[in-house]
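For reference, the structure is listed below as structure tokens.
Letters are used for the chains, namely A, B, C, D and E, taken in the order the chains are written, and counting of residues starts over at 1 for each.
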Amino acid sequence: MLSIEFLLNALIAGLLLGGFYAAMSAGLSLSFGLLDVVNIAHPAFIIFGSYLTFYVNEHFGFDPILAGLVFAVPSYFLGVAVYRIYYNCFEKTGAESLRGLVFFFGLFFLIEVILIITFGVDYRLVRAFYIGKSTSIGSVGIAYRLFVPFLVGGILAAVLYLFLTKTFFGRAIMGVAQDSLAVQLMGVDPIRIKTVAFGIGIATAVIAGSLLIIIGPVEPTIGREYIGRVFAVTVLGGLGSMTGTLVGGLILGVAESFTSSFFGPSWALAVSFGILLICLAVRPSGLFGR
Amino acid sequence: MSKERKLFLIVAAVLIVGSFLITTQMENRFYYKAAYVVLQYVVLATAWNILGGYTGYVNFGTAAFFAMGAYTAVALIKTWKPPLYVLLVMGGLVSGLLGLGIGYLTLRLKGVFFSIATLALAVVLQMIISNWSYVGGGAGTAILKPRSVPMFSNYDEFLFFVMAALAVVSVAVAWLIEKSWVGRGMAAIRDNEEAAECMGVPILKLKLFATTVSGALMGIAGAPFSYFVVYIEPTSAFHLDYAVNSLAMPMIGGTTTWLGPLVGAVLVGTAQQIATVTLSSEMNLLIVGSLLVGFVVFAPDGLVGLFGKIRARLAGREA
Amino acid sequence: MAENLLDVHGVTKRFGGFSALTRVDLHVKENERFGLIGPNGSGKTTMINCISGALANDEGNIVFAGRDITRIPAYQRTRLGIARSFQIPKPFVSMTVLENLCIPLEYAAHQHSHGVELRGEAMEILELMSMTDKADVRTGGLTQIELRKLELARAMAAKPKLLISDEAMAGLSNTEVDDILEILVRLNEEGLTVIMIEHIMRAVMNFSERIVVLDAGEKIAEGTPDEIVNNKDVERAYLGA
Amino acid sequence: MRSSTTRTWKGPTLAHSIVVDNVSAGYGAVRVLHGVSIEVNDGETVVLLGTNGNGKSTLIKCIMGIIQPDEGEIYLEADGERINLAGRNPEEIVNLGVALVPEGRRLFPRLTVEENLLLGAYREEARRGIDRNLAFSFEAFPVLAERKNQLAGSMSGGEQQMLAVARALMSAPKVLLVDEPSVGLAPILVSRVISKIRELKEEYQLTVLMAEQNFNQAVKIADRGYIIVHGEIAFAGEDTEALAGHELVKKYYLGA
Amino acid sequence: MGRIIKHVILGFALLLAVSIAFTPAAQAAKEVKIGFSMALTGPLGPAGKAALLAMQIWRDDVNAKGGLLGRKVKLVYYDDQTKPANVPGIYAKLLDVDKVDFIVSGYGTNLIVPALPIAMERGMVFMGLFGLDANAKFKYNNYFQIMPAGPDPIVDWSRGFFELAAKQKPRPKTIALLSADAEFARNAVAGARRNAKKFGFKIVYDKRYPFPGTTDFTPILRAVKAANPDLFYVGSYPGGSVGIVKAAHEIKLEPKLFGGGMVGLQYTAIQMNLGKLLNGITDYWFWAPEKTLKFPGIEAFLAKYQKEAPKQKLDPLGYYLPPFAYAYVQLLGNAIEATKSFDQAKIGAYIRNNTHSTVVGDVKFGKNGEWATSRTFQVQLQNIESNKMSEFSKEGKMVVVYPEEFKSGNFIYPYAKGK
């Protein structure tokens, strides 16, 4: 059973899944990792994105990826609005730790309910020409359904990485987390930076949502399954590091895939959460914590 | 001080006796079932608040502690069917130890990481229970409740009485903590950990105390759960609703005093019971979610704080 | 000559590669008024954090009242009799002024012994600080000066043998500085040992019997205020080479 | 002490100067500055002397908009325009051509040296000259060029201070404020940093206001200076010689 | 001091308000009230809503004919949110507050079991809707369950699959088992495990996957492929079923027989999404528009259902659960009519001892209220050419291949040939 081919396939499947996990976590890495905004509702925004994608795919035949990209724009403004509320109600008054956390938890719940009311509780799926097809390189098979999200996820992480390190705005986002006064001294309005960064985070969540529904069917409360995963990836990779998020996603994906393949799938989730718990206890700064 | 304590304990005793007397008078079982759920939330919200409200550490893993209590009971019932009080004690013990363990593992971290860790804990435990076939695993198991119980006309009334007593006890525990040096130390930790430590407060010990007591109470609340539902399986025992409700109720009622979670649990819990049989349950969830967000944003001190403000304003007007 | 209350032997504290304190010795006698000064970044606050237990020193040991306290946690040090005020006030915001004082009274001074009338004692301390009218005010309603006084009051409520006052007077007016000095002197007369960290030279020089000067994490001078004022090393530290 | 009326109005030149007029400020209810007036004329290097806790940093923060003064006014005279700085926030003031090397350096420790520098050039006007300025920074501070991919937080104190100065200059300022550059530096590094500031000032034709407690170092590069004690200007030296009256300085410094 | 007393009074006032809120409105005269909890939200919500519609259609049918023994039928129901913890309270309310005359179960084993002891205590007839061996522990004689699993439900459930397999030449030797980690799927696979032993197949893979919470099935199915089984029996829920079918095609997993206990393949939305990918899969089935399954009344019922379903965004074809939801109340109603009585014991005895004609065919109950004989169909999906809905309402797509009695077409073996 332990053939090289099998091992290789498990590795590839894990990497493909991991790329998608990285895409899911990229936005959280921005909000939680860089801005210290503990957006527990991040997975709910992902599912929200899945449903937007489903809607236009079902009714107008939009390609899911295209839908995700298109919806990223309005959801950016949604993120801006959410951050404004968060900032004015919690961050400004310095009450963010406890109440801010609860705020996002409540938001998570609200988004779920709104999705249930609008779309019902059915599993929803999308159609696209690449879903259900696969190719193989040697003995390694690659499903497009997983490869496309992996690719888009990788591109997303890379674009964010370039944005953060190569643009003025991106560097300001990196800076604002480290020292918001110093950022002001560079002529930057930190609140504006944070608002934009949070907005981008939500926009990426919506894109990740379109990837999720390509991989498999989605129902409104499925976001709960991903709270732990996205935080695991973000913390594992190191807060605020895009490279870390990518690597963290890949590690988680491979860990889950290997556990599924060798020990049985029922332990896959526990293993990844175990990684998170150990990481929190032993090295909270994560692998790539700068 | 001690006079107040005496009075409080008398009131508590009266409430317990009162709830027993109710069972001798009233027949309608629905009220017992509904009241059981509300009272269970009184225990959970009060327990959550000891850690979350008093000490300032947000626990997202209420369901884990609750379910551990429930499953400890299931394992015991499967083994030798002990009387209910043994289940309560053991459920409390296991969840209390769990609280101590998770506290020891993570409380040295920033508060946020503690919260995430509790969330992860719930998932890991659910996985473990799902794979433990002795207690039914992922498929769940039916639990036969005892056919009769002395002094009560049926088991539902008995369960109601037990939960009423537990609610009174847990509120009393919260009250005693709040009014003691322990509670004052917890408040100091919540306000400023560094200053608290420099004022002689043993912060690590108090935090571990809080996680242990809070976890134990949640476990005790979970212990009779399998008798209540008759059929237990991990998805419902570990349901996220327990986490949301036990956090929303104190937030809505007010987190700094024992009264807040009580008021929140009674109001929100009752509203939910009514909504389950009147409104659609989506609306039910929508209401809880909106209330939670609304209170956090607009009335961060909860109903108790809101009343206090109104009373202060009225008093100011009179003067 | 009174015995030493606090002995700091060769304490070193590093942050990463940077050495904030390098083998510093301090000896504070019983009932002494002791000044600790130094330019910004010289390691004064790090020193206090090591003494009070907020930071663990890398090398050296700290002996307080004959007991080695190097490895015991901060709260136990407070209970043994070391209290400090914070440079930036850190009040317990959900409590009133009086309740703020009750925490150290209960935890450090009396260690939960029964039958102690905490309120009365707290009021006494507030009286000392002329803050009795603020007893039932929440800390959010205090001015900056009152917050600083509260810091000091709270430290005193721990009933310490040794009080470390970390820039308690920064930003206060001349009369307020005098008020606080007077309080500290009175406490000292009652037997309290005081370590004062202060930038207001007038205050330190007047108050202290003995002063230690830190610069870049090292002790560069020790002596009476007069000796310090005329010390060339100190002058160089402050005025530059 | 000067009164505000002795100030002379400068005609329309490309000059940049700062005028602080009778400013009182503080934190919450604590008054740190009591009616302080100073001015820094175009091309001058002015030092603000005094030990800690006397208000040097508070004054710098007031000019930079980090603290708003309770009373008094602060003007930037730039290119013949007179701009009131009070009520503006730091980012606006940076955009007017004022840069601060803050106390404690406040670098972005988890960004690389180069990223720190580039972030310094955030403002619109600075981005235009970014390549030239970056090249200049690396030329002026060769150590920064060597370590441009290293994280700022991993450098030594002296290197960090150099980076902080270079970062401030990346915004192509006309007026440079420097707050306590010597803190936490060994004496040899202090003098190196101070002389570098002088060098750069010449190169950029800057107007410099420096708060510093290290008297002997500061007077090396100062044209003139003020001594600030307890939030008030205790002495205004018209030139460095006047400041060098050691006994007086010592009195203010050590409170003897 | 006074404050505490005030709070206590406040508390009691609150309790009073609550009890008033729960007091039922004035009794409507002379209706037969049938009470139940139903999953209208939560994971089972979509199916539960469809079941509710079916029951409402039955109510309208009955009332159009003048009701039961001359009394109109009224359905009283509450949403249990697919949460077992809600069920005991709901049935207590139905019985003690709403004073319903009859109770039937909600949808699914998890939601039936919590209600069963209550029915037992009150001695009421309790019709179950798709419970898998729910009565095993209680052995309540007035419980009747409509899902055609058979007398030994857990084993009978998959018997067809194994009988089919055993008949093939050459006889398959090995089997892989995969189940979602939740009630139904685990029971289904537990039965399959016993059948595998009974029929002498060697189990080469036997694992569970977390449900919900599995994003991708590729690694799991690769492990299955590596074990190279002849048969692959899957117990899964809709989300997982879709993932498994897709992943199986992607990695070209081709056991000789594939399917068994996959929930969801019977749902129109999923069928439309999977389309051709379904071809060749053999899965359990309850009803299909095949010529052998035209039971009396089924077509009229489906016509009504299909007219209403799109409006409520329910499964548009409704072959899976709705006919049985209709049947379990139809059966109760018929028993009431037959006994001309509202007496629970009489009705229970009548149901127990007779064969009943319903829209899902003739029903006879045996041990523990399960069907006396198993009638779970095995359907092989064949000749599916597109993703259109019309594709799935045609005959010859969902071919009944087991049992012989209802067989509507030929079984294609092995799976790869049917693909």
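The rule we apply is simple: a contact is a pair of C-beta atoms (placed from the backbone, for glycine too) under 8 Å apart; a residue touches a chain by one contact, two chains touch by 3 or more.
Bear in mind that the values here come from a model prediction, so they are computed numbers and not experimental data.
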{"item": "Neighbouring chains shared between chain A and chain E, ordered by label", "value": "B"}
{"item": "Number of steps on the shortest touching-chain route linking chain B and chain D", "value": "2"}
{"item": "Centroid comparison with chain C (C-alpha atoms), farthest chain", "value": "E"}
{"item": "Identity of the chain that, by mean CA position, is farthest from chain D", "value": "E"}
{"item": "Most centrally placed chain - per-chain CA mean versus overall CA mean", "value": "A"}
{"item": "Whole-Å separation of chain centres (CA-atom averages), chain B against chain E", "value": "35"}
{"item": "Inter-centroid spacing, chain B versus chain A (mean Cα positions, whole Å)", "value": "32"}
{"item": "Where chain A and chain C are represented by their mean Cα positions, the distance between them in whole Å", "value": "48"}
{"item": "Inter-centroid spacing, chain E versus chain C (mean Cα positions, whole Å)", "value": "73"}
{"item": "Shared-contact residues (touching 2 or more other chains) in chain D", "value": "none"}
{"item": "Shared-contact residues (touching 2 or more other chains) in chain A", "value": "116, 266, 269"}
{"item": "Chain B, residues touching no fewer than two other chains", "value": "123, 127, 130-131, 138, 282"}
{"item": "Chain pairs in mutual contact under the definition given at the outset", "value": "A-B, A-D, A-E, B-C, B-E, C-D"}
{"item": "Chain B - residues contacting chain A, complex", "value": "52, 56, 58, 60, 105-106, 109-113, 115-117, 119-121, 123-124, 127-128, 130-131, 138, 240, 244, 247-248, 251, 282, 285-286, 288-290, 292-293, 296-297, 300"}
{"item": "Touching residues on chain A, where the partner in the complex is chain E", "value": "1, 3, 6, 9-10, 13-14, 16-17, 20, 116, 120-123, 125, 127, 131-134, 141, 143, 145-146, 212, 215-217, 219, 221-222, 225, 256-258, 260-262, 264-266, 268-269"}
{"item": "Contacting residues of chain C [partner chain D, same complex]", "value": "16-18, 39-41, 143-145, 147-148, 167, 170-174, 198-202, 204-205, 216, 228-229, 234-236, 238-241"}
{"item": "Of chain B, residues touching chain C in the complex", "value": "181, 184-185, 187-188, 190-192, 194-204, 256"}
{"item": "Complex contact set, residues of chain A against chain B", "value": "38, 40, 85, 89, 95, 97-99, 101-103, 105-107, 109-110, 112-114, 116-117, 224, 227-228, 231-232, 235, 266-267, 269-270, 273-274, 276-277, 280-281, 284"}
